[in-house]
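Below, each structure is written out as structure tokens.
Next, two complexes with chain A in common: one pairs it with chain B, the other with chain C.
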Partner chain A sequence: MPVPTIADPGPSVAPGGSKPPAQPSQKSMTKAERRELQEKQRAAKLAQKQQPAGSMAPKNKPPTTPKKAAFGETGGVKHHGLVPKDVHANAVADDKTSGKPISRGLQIFSHFGLPKPIGHTVKGDIHPEIIRLGLLFSEFKICGANARAIATLTTFKKVIHEYTTPAHNTLSRHLMTHLSPQITHLVSARPMSVTMGNAIRQLKLDISAVDIDMVEADAKTHLNHQIDNYIRDRIILAGEVITGLAGKKIKDGDVILTYARSSIVEKVLLHAREMGKRFSVIVVDSPPLLEGKILLKNLTSAGIPCTYALLPAISSLLTEASTVFIGAHSIFSNGAVYSRAGTALVAMMAKGHGVAVVVCCETYKFSEGVMVDGFGKNELAPSRVTRSTGDAKAVSPALNLETLNPLYDLTPPTFITAVVTEVGLIPPSSVSSIPLALGRTL
Partner chain B sequence: MAPDIARNTASQRSVEVLASKLRRRQLVGSRTTALETVLVLRQVVSKARFSNLEQLVDIIRNAGRKLVEAQPKEHSVGNTVRKVLHHIREEYHTATRGTSVVPTAPSYSIAKFVSQGQPRKQITAPKAESKGTIKEHDANDPDSFAKGLKPVLMEAIQDVLDELETVYDNISKNARDHIHSDEIILTLGMSKTVEAFLKAAAHHRNYTVIVAETAPSYDGREMAKSLSSAGISTFLVPDSSIYALMSRVNKVIIGAHAILANGGMFAITGSQIAATAARAHSTPVVVCAGQFKLTPLWNLYHEYGALDFGNPSDVLGFEEGDLVDKTDVVNPYYDYVRPELIDAYITNDGDHPPSSIYRLLKETYDDEDTEL
Partner chain C sequence: METVTIRPPNVPLRDTISSKFDIYAAYQRILKNEEISTPLAAILALTELIENSDAGTMFELVKALNDGAAELRGRTTNPISLNAGCELFIAFVTLSTHNSTTFSSLKQELVRQGQNYAAEALTYRKKIAELAVGFIKDGSVILTHSYSRVVMQTLLLAHERKRISVFVTEARPRGLGIKTAEALTAAGVPSTVILDSAVAYVMEKVDFVLVGSEAVVESGGLINAVGSSQIAIIARAANKPFYALAESCKFHRLFPLSQYDLPTHNSNILSFSRPSQSKLSMPVTTPAVEFPKPIKELTDNELLNGSHKITQEQISKNNPDVDYTRPDLISLVFSDVGSLTPEGVSQYLVGMFSGSE
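Showing the complex of A and B:
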């Protein structure tokens, strides 16, 4: 079974999990041989660890990875390098020997994927800029679909700049293989966002379209331009068009409600304020990330009167709101909005109160495929990020107690009134026809 | 008369003490306030001097009014007063009639219904001339009435107290019928009733509980700790993920602060979004609440549940410095949940749908007590 060498996000399959870092030793074995090796390793560890078998600590790490490995079907899909995997194989072995069934809850949420620990191993020849970016991602210092896409593309510009084609190779073919471990490293830091995936797919298209006869320096400059154009056209300019379009929907005296922090909604509100409209904003926020506070800071410094509350209070606030503006991480073909966890609740309550829900989303965020609930693809925030909110009452995982922090959820299209894209205001049902109408695949 | 005054002021003092505790929010929580109210009323009744029922009712009503005015948002105070009054009237009728005065089950026939309208619980006025063992208005011995009736009254109040003390046990009695194996239950906030309910079911069933943190009070964390220490597999999640996880949740079980006359309820903020999300997924919403939470009250005019607000610094603290100046911070403490969002109330007196709450109210309280 050929292990894919390029970490392709793939058209419709959720790229939520990570792709295997190319393990030459394992690649050369067949599936049966690999399973044998794993069994042997596990038995060896089991024999070693029989003494402290009573410890309950392994239970804290949901054994998602070793479960997949044990079943052998996904043959070689791993989240981490080899070392942490053995520890997890241990955990499974311990649980099985102690006779206690792994608590059911872990099985339901196991496909969400384990939140990555910090010091993930760096495999192979990774550009230092990529390492830096991976660290920023895993620490949630760069957070948000647009921010991550722009950061990724900018970093890749640097990588391409410092790349030299080895002898007997063409840039168009070799550059891909050069980039794929970098991409894998980023994905291992934090699962790929749809925006990153789309941007990288476009980049690959551009790379493969480079003329074989082009001088390397020219080719690199060309790619540089392509990346710049992509960022400029599909992210920044699109953002400005959306700002103008959505701004028209804000009238004097409006009360706009928004949730968490969407970069594009922030731009819309600030732009409308610059245009001289008088309106007020309700910022609804939710722990643990509490991103809304930053939005609140930016809006109040622009002089917009704001109200701030947490998510459970939303039913009291919606009586005052005239429109709800939300951002999206991505939109699926059926018009379902994949966005920060909590957005679905906001949209649901707004619909119940008869308040219009407007989603601001650039077309490069569109994703093929259909998702029906927040379970199909999601990401758990690692506990180090959630604990940084510094609560005295914070709960540490104990026996029978796990914390889950899904980062995203899916808002069904029935709760959405309109989607503002750079091509205009569309109803959520028309999302699937936009790429076609624009004459491109995505 | 001096000893009388002394006795009266003693009970007055206890009422004042409780009223100031309520006003200062030193006493919070429906069950605790209900218990304290019963104890104070017991003291008031034991020290009270009256020669007929109306006087006693007035005394109790006055005490009750003071307490309710001290803290109108703790509905269980008023409910307990009404309950005590109801029991007292019942016991009085039993005592004066000699035999049980509860009207024999009225024959419900269509003809009667058409001619007389809806059958209502008969509240017969105490007939002064009906003699049982109690003599009212005895000029020679003004205390005889009171003395004769007091043991009966004490029993009545003791009944109310017993009911309050066994609330958790009675509600948890049928817990295992409501929760099946391998279910996933969603709950939020810290409700001792729900906690007892879930722990009782855990003895018989193996299931998982998802607890929403319920910011900004973060009561959910306490609940999660308590449940997990009882051996229930628990997941603590932030409120934002309620919708995301709802597709896997089999039941939503929440507690109530007060049950209103239309079948709706006041509950901790967050209950409204959980119930609405459950409705969107057709997941049943079950509320565990003691009968002392039944309130003859309607929420007609405002969305802010019970008009009670928590500390805004829990939402945006002063460490945010200049933000605090420029923003309005809202922190409502309660939500109002419409009766359409609730599927069942599990009370210590059985399970009821929201549509029959009005009937429960009629049976538990007397109409004239709605306004204390």
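Showing the complex of A and C:
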């Protein structure tokens, strides 16, 4: 599985926090000191108890809280945990007041990543950039597989930059325990994409390969370079090679059909246009996300003649198409393509009409697992996202009505003619032989 | 292989090729040898180019090789299998590690390796024949298409050990099937030439189909003399195995999405004949596509007119030489690296050209 093992965030709480330094010192304290501390704690507890018992006014009085957070151990931590929970509760309330209770999800789809409320709790020591990224993910502001991988890696660069190895630890051993809660936080915002999984696994490998004797600053620069190289080689340059290869398959007079919006397919089409190819594009789209609209806007502004249609119109449009180009979230070892929900339908129809289906996909999106249907793993589109992009008149769920918006589906390899990767065009059956050819050992 | 430099005075040469050496002439000369197939001839021609090149660096040498390959490609009508050879050799020169002390010794080494490979490749047909014979049962009725050296060798070997009879298609427009039938009859193999249009008729009597190949492509599909694809489709419909024979030097990094995606396809192929004086003009439906006039727009007069008589040359000029057989129609590909399924072929090709084997 592409999902990296996630260490329990518990033990790694805050290297610079107030709790850890206090704990070890307790043993080395004298009896008198210990008694003093106990006294202090008792006083703190008493103060806390009195607070709720008292009138409402003192509770809202601000000065007491920072003081406690700074001094009291138990009180401080407790309070820390309370604040986000309040936010969480507010968010839930918010969602409720805006007309929709949070989807319970259907029982048989309960294993899909259920949409999470926006203000999810912040556990442990999470870097502010990660919190920001988590919000961007959960809000679908950063949505595509490539965009998410790049955003994750760039943010990790900042996290690594601001990281200092605690005493009696080595970077190669400790950094990952520092990153694990950050990853957990991102996953809690939105289930991890395969691309992120692959990128993080590579990062872990790089971290563990850092020489123990290396100076910390050097090690951090090294990791920084490794991340930059990964983004450049596996994502950016791979995309450029694919653009060139796929562009060769577009000929003058072709009608290209594409579904939803894939960043790489968009690049392929724009590049082919730049090369002076004369072709037209049919953009097929589907609610709830209607991502094809953005593609349509970008293509038409580049002067490519386009047709925009929704998924039900596909059978009448396919007779016009010469090639179908689709992007992918991931490709599994058996050649099955995991992509935006609706892709399987487009590919199946294209196969039925004898139209070639070409998948554009960088090799870093390849996943070693095997998937046979779209039910084993999927993700549900949160209602707030579908509401903002979809039409307002969408059916509002009632007690006996649940909306189900899976984000992805699985296209079986039989419907795919070719996969364009940076190592060339390959049939889906050869996908499994690619990672080995690239020298990957995992 | 002895090296003779031919200097034809009248052939215009590309400026990038050193003026001493004409690769196309060398290629043609090598090809005169009946045993040598096009990819091998291309490899040998490139080794001669190395011998004659005055390149002093690897960069220059690779450029010279690429230019030579481009020259060969430009001057032949069907560059597919030739390309496979060029690609293989250039990949060998650029990708594999060579440890020679001087550049001239490296060049010698490359020439030697190329010639060794060609010599070794000549034994591949025997190897393939041995592999394929295992799949031929006593009393088999085999359908083959056009003329292929490796198929001939296989059939003759099978004839030595088993009783076989062969149907061979005429394979228009070149009619090479007749050559196959003649050679088989001379060797005492019962054979019959059938029309290309009689394949479906004969398929029921056939045990399996055996064809050679121009190139085996990355999808696991096959590029071969035109007509192979329809034979494969009929064989599939009749549930008969369709076997292809190919030396590994014919494995080609090419991924045709359809018949029209082949490098040999051009706008002349299958173009509709255009009557010279027509008052009707077609409305252009899509800006990019130019639809030729449909045949029904020809007036009756024009059709009856003697000037519109169609000759065989016209037909063959208007038709493709090769076609692409989809991988899902092929049962097995016998090659010197083993009996491969189409998926196996593509995996082998991907491994071969991504640098690790």
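Following the convention adopted for this analysis, the second predicted complex is superposed on the first by the 333 of 442 C-alpha atoms of A that agree within 3 Å, B and C clash if a C-alpha of one lies under 4 Å from a C-alpha of the other, contacts with A are read in each partner's own complex, and residues count from 1 in each chain.
We adopt the following convention: a contact is a pair of C-beta atoms (placed from the backbone, for glycine too) under 8 Å apart; a residue touches a chain by one contact, two chains touch by 3 or more.
Worth saying up front: this structure is predicted, and the values here are computed from it rather than measured.
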Message: Following the superposition defined at the top, how do chain B and chain C come out on chain A, clash or fit?
response: fit
- request: With the two complexes superposed on chain A, say which partner A:L223 touches: chain B (first), chain C (second), both, or neither.
  value: neither
Field: First (chain B), second (chain C), both or neither touched by A:I326
entry: neither
- request: Quick one: classify A:L136 as touching chain B (first), chain C (second), both or neither.
  value: neither
Task: For A:V358, select first, second, both or neither according to whether it touches chain B, chain C, the two together, or no partner.
output: second
Message: With both complexes overlaid on chain A, does A:V187 touch chain B (first), chain C (second), both or neither?
response: neither
Task: Check whether A:R278 is in contact with chain B, with chain C, with both or with neither, and answer first, second, both or neither.
output: second
Message: Looking at A:L269 after the superposition, I want to know if it touches chain B, chain C, both of them or none. Which is it: first, second, both, neither?
response: neither
Task: Check whether chain B or chain C contacts more residues of chain A in the superposed model.
output: B
- request: Could you grab the smallest C-alpha gap between chain B and chain C in the overlay, to the nearest Å?
  value: 12
Field: Overlapping contact positions on chain A, where the chain C interface meets the chain B interface
entry: 305
Partner chain A, residues of chain C touching it in the complex: 218-220, 253, 255, 257-258, 260-261, 286-290, 327, 343, 346-347, 350-351, 353-356
Message: Using the touch definition from the top, list the residues of chain A that touch chain C in their complex.
response: 249, 251-255, 278-280, 305, 323, 356, 358, 417-418, 423-427, 429-430, 433-434, 436-439
Query: Within the complex, which stretch of chain B touches chain A?
result: 182, 184, 206, 208, 213-216, 218, 221, 224-225, 227-229, 231-245, 247-248, 269-270, 272-273, 276-277, 280, 303-305, 315-316, 320, 323, 326-332, 335
- request: In the complex, go through chain A and note every residue touching chain B.
  value: 103-105, 108-109, 286-288, 293, 296-297, 300, 305-317, 319, 340-342, 344-345, 348-349, 352, 373-375, 378, 391, 393-395, 398-406, 408-410
